[in-house]
Amino acid sequence: MQLSPTLSPKLFGRDVRCVRGGREVFAGLAFEAVAGEALAVTGHNGAGKTSLLRLIAGLLLPAGGTIAIEGGEGELTVPEQAHYLGHRDALKPALSVAENLSFWADFLGGGVIRPIPDCLAAVGIAHAIDLPAAYLSAGQRRRLSLARLLAVPRLLWLLDEPTAALDVAGQAMFAGLMREHLAGGGLIVAATHGPLGIDTRELRIGAI
Amino acid sequence: MDLGPYTSFIATSYFAAALVVVLLIGWIAIDYRTQKARLRALEESGISRRSGRAATDMQ
Amino acid sequence: MTALGALIRRDIRIALRIGGGALIGVLFFLTVVVLMPFAVGPDLALLTRLGPAILWLGALLSSLLTLDRLFTADHEDGSLDLIVMSRTPLELACAAKALAHWLAAGLPLVIATPVLGLLLNLDATATGAVALTLLAGTPALTFIGMIGAALAVTMHRGGLLLAVLVLPLSIPVLIFGVAASQAAIVGPLPFGAPFSILCALSLVSFVIGPFAAATSLRNGLD
Amino acid sequence: MSLIDLANPTRFLALTARLLPWLALVTVVLLAAGLYLSALAPDDYQQGATVKIMFIHVPNAWLSMFVWGIMSIASLGTLVWRHPLADVAAKAAAPIGASFTFLALLTGSLWGRPMWGTYWEWDARLTSVLILFLMYLGLMALWRSVEDPTRAARAAAVLTLVGAINLPIIKFSVDWWNTLHQPASVMRMGGPALDKSFLIPLLVMAIGFSFLFITLHVAAMRNEILRRRVRSLQMLQARAYTTSAPAGDATGRVVGAA
Amino acid sequence: MTALGALIRRDIRIALRIGGGALIGVLFFLTVVVLMPFAVGPDLALLTRLGPAILWLGALLSSLLTLDRLFTADHEDGSLDLIVMSRTPLELACAAKALAHWLAAGLPLVIATPVLGLLLNLDATATGAVALTLLAGTPALTFIGMIGAALAVTMHRGGLLLAVLVLPLSIPVLIFGVAASQAAIVGPLPFGAPFSILCALSLVSFVIGPFAAATSLRNGLD
Amino acid sequence: MQLSPTLSPKLFGRDVRCVRGGREVFAGLAFEAVAGEALAVTGHNGAGKTSLLRLIAGLLLPAGGTIAIEGGEGELTVPEQAHYLGHRDALKPALSVAENLSFWADFLGGGVIRPIPDCLAAVGIAHAIDLPAAYLSAGQRRRLSLARLLAVPRLLWLLDEPTAALDVAGQAMFAGLMREHLAGGGLIVAATHGPLGIDTRELRIGAI
């Protein structure tokens, strides 16, 4: 991973407040994560995990507080340095697996960074390369989404329940990929209800 | 044979019919060759219909 | 550039696969034209007179039929999130999407116009005039329609008012398009005047469309 | 060889391989005879030599409707009896039918110019044939746009059956709307009202074109069957290196079932 | 009955809240009508003569515009699976959905007709006749269009291809609808004959539409 | 649960073969489950778990073999006696939570069988009753889907990764609901990658 940060980058949020549909979801939230560290966001259903990830991804506007990366790539905003893996997998059923992935690689990376077949092999769906995405099973779709993270290097991975729909082997494979990303100086913020298979710092939101 | 003032219309009709029929025959013949060639290529690469029941197989 | 090129290529590819290709666009247009005599009656002179309007209506309909899901489709499958987050300015991405849509749905209409002109008994000048106005005007339909498409993402609920605002915006395009074609065919007005207004409308829409769409998308995500 | 045997694609291929040359021969003979007879046919007192266009126009016009009829029956076969050859038959017929329809339109408008003074008229029959042509094209587009053949077959079958409504409209439009076009003079109640000198060449041509259709259709069906074999072999090939399963387990055998 | 009632109520409620559909339909209708004077020129007599044809064309095209997502929307969110599995016969469920669509998108067109009749300079009888034929005929358009909407689920596609497949089927409705309105306005034929054919077409489509749609839905899921 | 079966009902499949997109997914599959029993369908991603559930639900046509219920409700087909809970949750964002649920209760049950607020309370989203479904978090949507199973009683529950997106409390809640259903003589077939929290018989498809 050639992220070549000048400083060791650090993601932090201060006094973040989130309001959705006119209702306050959380307020006064603070968090931080440094390069090589994974933050596991936990909490009950509706606590605001997805909301937090979307705030970091710039897809929601915070009602208060700041979220920033210190020592990242110069003038880029946080969303521009991040990969977001949500519930919806951004795949077009009409396109083949390879076409789907190479579109995102070109669009996000401005040119293919890592060869498409390699990425597909790394997530274990190399055999399906020419299948239309409409033919994929739930787990295969999820794997294809994961391949996007490999095709274009980004400092920060924002993962929303990334292991959903993955089988046991798939979860182990993914844990390996995350470990690699962290080892290369990356950052991970993942919302999850179960274990991720890597060492994480926990950020718990919402009372129980 | 004198076809009167509309010879060109009559001739065009017959020629057009002939042309369309020839195109149809040509398309079908080429299609046949392509499919046969593909079938042969697949069978040579070791895939045969006996190596397992194919799904849309037309037994 | 790679990013925008990729976006355009993807959108065209999907449009061709899903919509069935440029041929279908032509086929659709043909069907709309074929409908006319049934409604209006087989009066060829009248049909010729209505010709440009019919062609323009066909163009409007076929861009409406496909435009309303320009962004909602991407929103529903999550692609829009990634597009918004990317390093490509959202305005450019919107323009690229609109361009792709025009290439896949607008251009075939322009190309098919001569065939349809034959059926409607338009002469060569008239056909040329209509084709030219369509070439100049359909991009405006796309770029204006794009604003509505972007608003559609925002309004999961309510917000009818906004959609209502967009279609009226495309009426001027339609009116000047038809007027220019008519001018070229029967006169008495010169072709140039309405045609240059049409071009101006297109140019304005090129600027306003992407900005308005990008703004509404940025605010519309949740 | 019973009908049941014909239902089997492999048998169909074997049988038609032997049949095709004969079909082609009959077609050639009939069309040659038809062309000869039509060359001999006298000029019409009203239409002059242009009546010769009739020998091409009318067979194609009839076939354009007949082929859709065949496709409708085949569609019933697909939907009701799920007959393995039915959708092959329907799919293979569409391009051929579209060609005949195109010829009927073309020769009709070539005839229309000397007779009515215009190539095209928005007359009920002419327009309904144009619509038939559009529906052929739409159907072909539908076949092309769904790549799973069985799913495409069912969708196309529904559309074919619904589109069959167009046939009576074409047939009776002349009577209903009282238009420019000739009313039926051959296929009508009370026998044909056409002089023998035209009727005989017309009928020979019509039979010749029908045989042409049968020949082309059988050949196209063979191609379609081969195409599906190719597809299923490609699928098998994909599976062969797809399954991370132990060798020999290509069929996805079930392990540990209850 | 409860089941079908619930389905109809739900579909109407969604149509009214989301708006898109019905409103865009009426708006499009209006656009078609507004455009015509520009195409035909200021000849008021001609405009009046074309009135019914224009209104019918508008109705046909605008029902096309809104129909294409009748089933795909339910397919994409999984509702269609449950509808297919339910104890309600699929044919009835399809008919209920079509009815709801007509109530939300077809009926507004009929209601808007008097306003548009004014624009086209139609007198009260003429407007009444057109409104009556639309009332009798638009359900046929909906029920025929439903077939195309169901095919869209199989094809994972909508848009133009569908329009191409469905438009030819709706031509008889258009012919008799316009014929009946013309008969009422200018004669010389009696209004009754084409109008009863129109009603017959509607009745036929009530039977064929749901069956064809249900067949293609049953076979089209995957 | 007033399912009042005459016999103890039994779901079985024999020699089931599944073909999707022209490719064979599995063949020769046999399974059975009797009243009060849960069948856990497991297998790697793309093995055919979802396909099997959809075959049972009548949403796919088997390429061979039979699936039937013996001793169920008289003349009803298998799908008519089943609830299907898939990846897509059959919710309309424009309708409120209560409207969504009561539509399905009316449509599937021909009249509300169990009061809507009770069902919502049982799955723990009673507080959201008047919220539009568009406002729900992933887990809340899943809970709303689950409420459908309670609102209308059906013999057979077909569940596709039902615990995805549920938090720990939600999983326990759902295990309780399944146990109740089984105790009432119901049947469950669930595709899953993780533990369901109830006793199950395993049906493993696909080699690995």
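To keep things simple, chains are lettered A, B, C, D, E and F as they appear, and every chain counts its residues starting from 1.
To be clear about the criterion, a contact is a pair of C-beta atoms (placed from the backbone, for glycine too) under 8 Å apart; a residue touches a chain by one contact, two chains touch by 3 or more.
Chain labels with UniProt names: A, F = Heme exporter protein A; B = Heme exporter protein D; C, E = Heme exporter protein B; D = Heme exporter protein C.
Because the structure is predicted, anything quoted here is derived from the model rather than measured.
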Shortest path length from subunit B to subunit C (each step joins two touching chains) = 2
Type of subunit C:subunit E copy interface by residue overlap (half), same or different | same
Chain of greatest Cα-centre distance to subunit D | A
If chain centres are mean C-alpha positions, then the most distant from subunit C is chain F
Chain centre separation (subunit B, subunit D; CA means) in Å | 14
The distance between the C-alpha centres of subunit C and subunit E, rounded to whole Å, is 23
Whole-Å gap separating subunit C and subunit D, where each centre is the average of the chain's CA atoms | 36
Gap in Å, rounded to a whole number, between the CA centres of subunit F and subunit C = 45
Any chance you could list the residues of subunit A touching two or more other chains?
-> 20-21, 87, 94, 131
So which bits of subunit B are touching at least two other chains?
-> 52-56
Hunt down the residues of subunit D that sit against at least two other chains at once, touch-wise.
-> 131, 134, 137-138, 141, 145, 147-150, 231-232, 235, 238-239, 243-244, 251
Spell out the part of subunit E that touches subunit F in their complex, as residue ranges.
-> 2-3, 5-7, 9-10, 13-14, 17-18, 76-79, 81-88, 221-222
Subunit B touches which residues of subunit D in the complex?
-> 8-10, 39, 43, 48-50, 52-53, 56-57, 60, 84, 95-96, 99, 102-103, 106-107, 110-111, 113-114, 149-150, 212, 216, 219-220, 222-223, 225-237, 239-240, 250-251
Residues of subunit C defined as touching subunit E within the complex | 18-20, 24-25, 27-28, 31-32, 35-36, 38-41, 46, 49-50, 52-54, 56-57, 60-62, 64-66, 68, 76, 105, 152, 155-160, 163-164, 167-168, 170-171, 174-175, 178-179, 182
Under the touch definition given earlier, write down the residues of subunit E that touch subunit A in their complex.
-> 156
Subunit C partner contacts - residues on subunit D that touch it in the complex = 118, 120-123, 127, 130-131, 134, 137-138, 141, 144-145
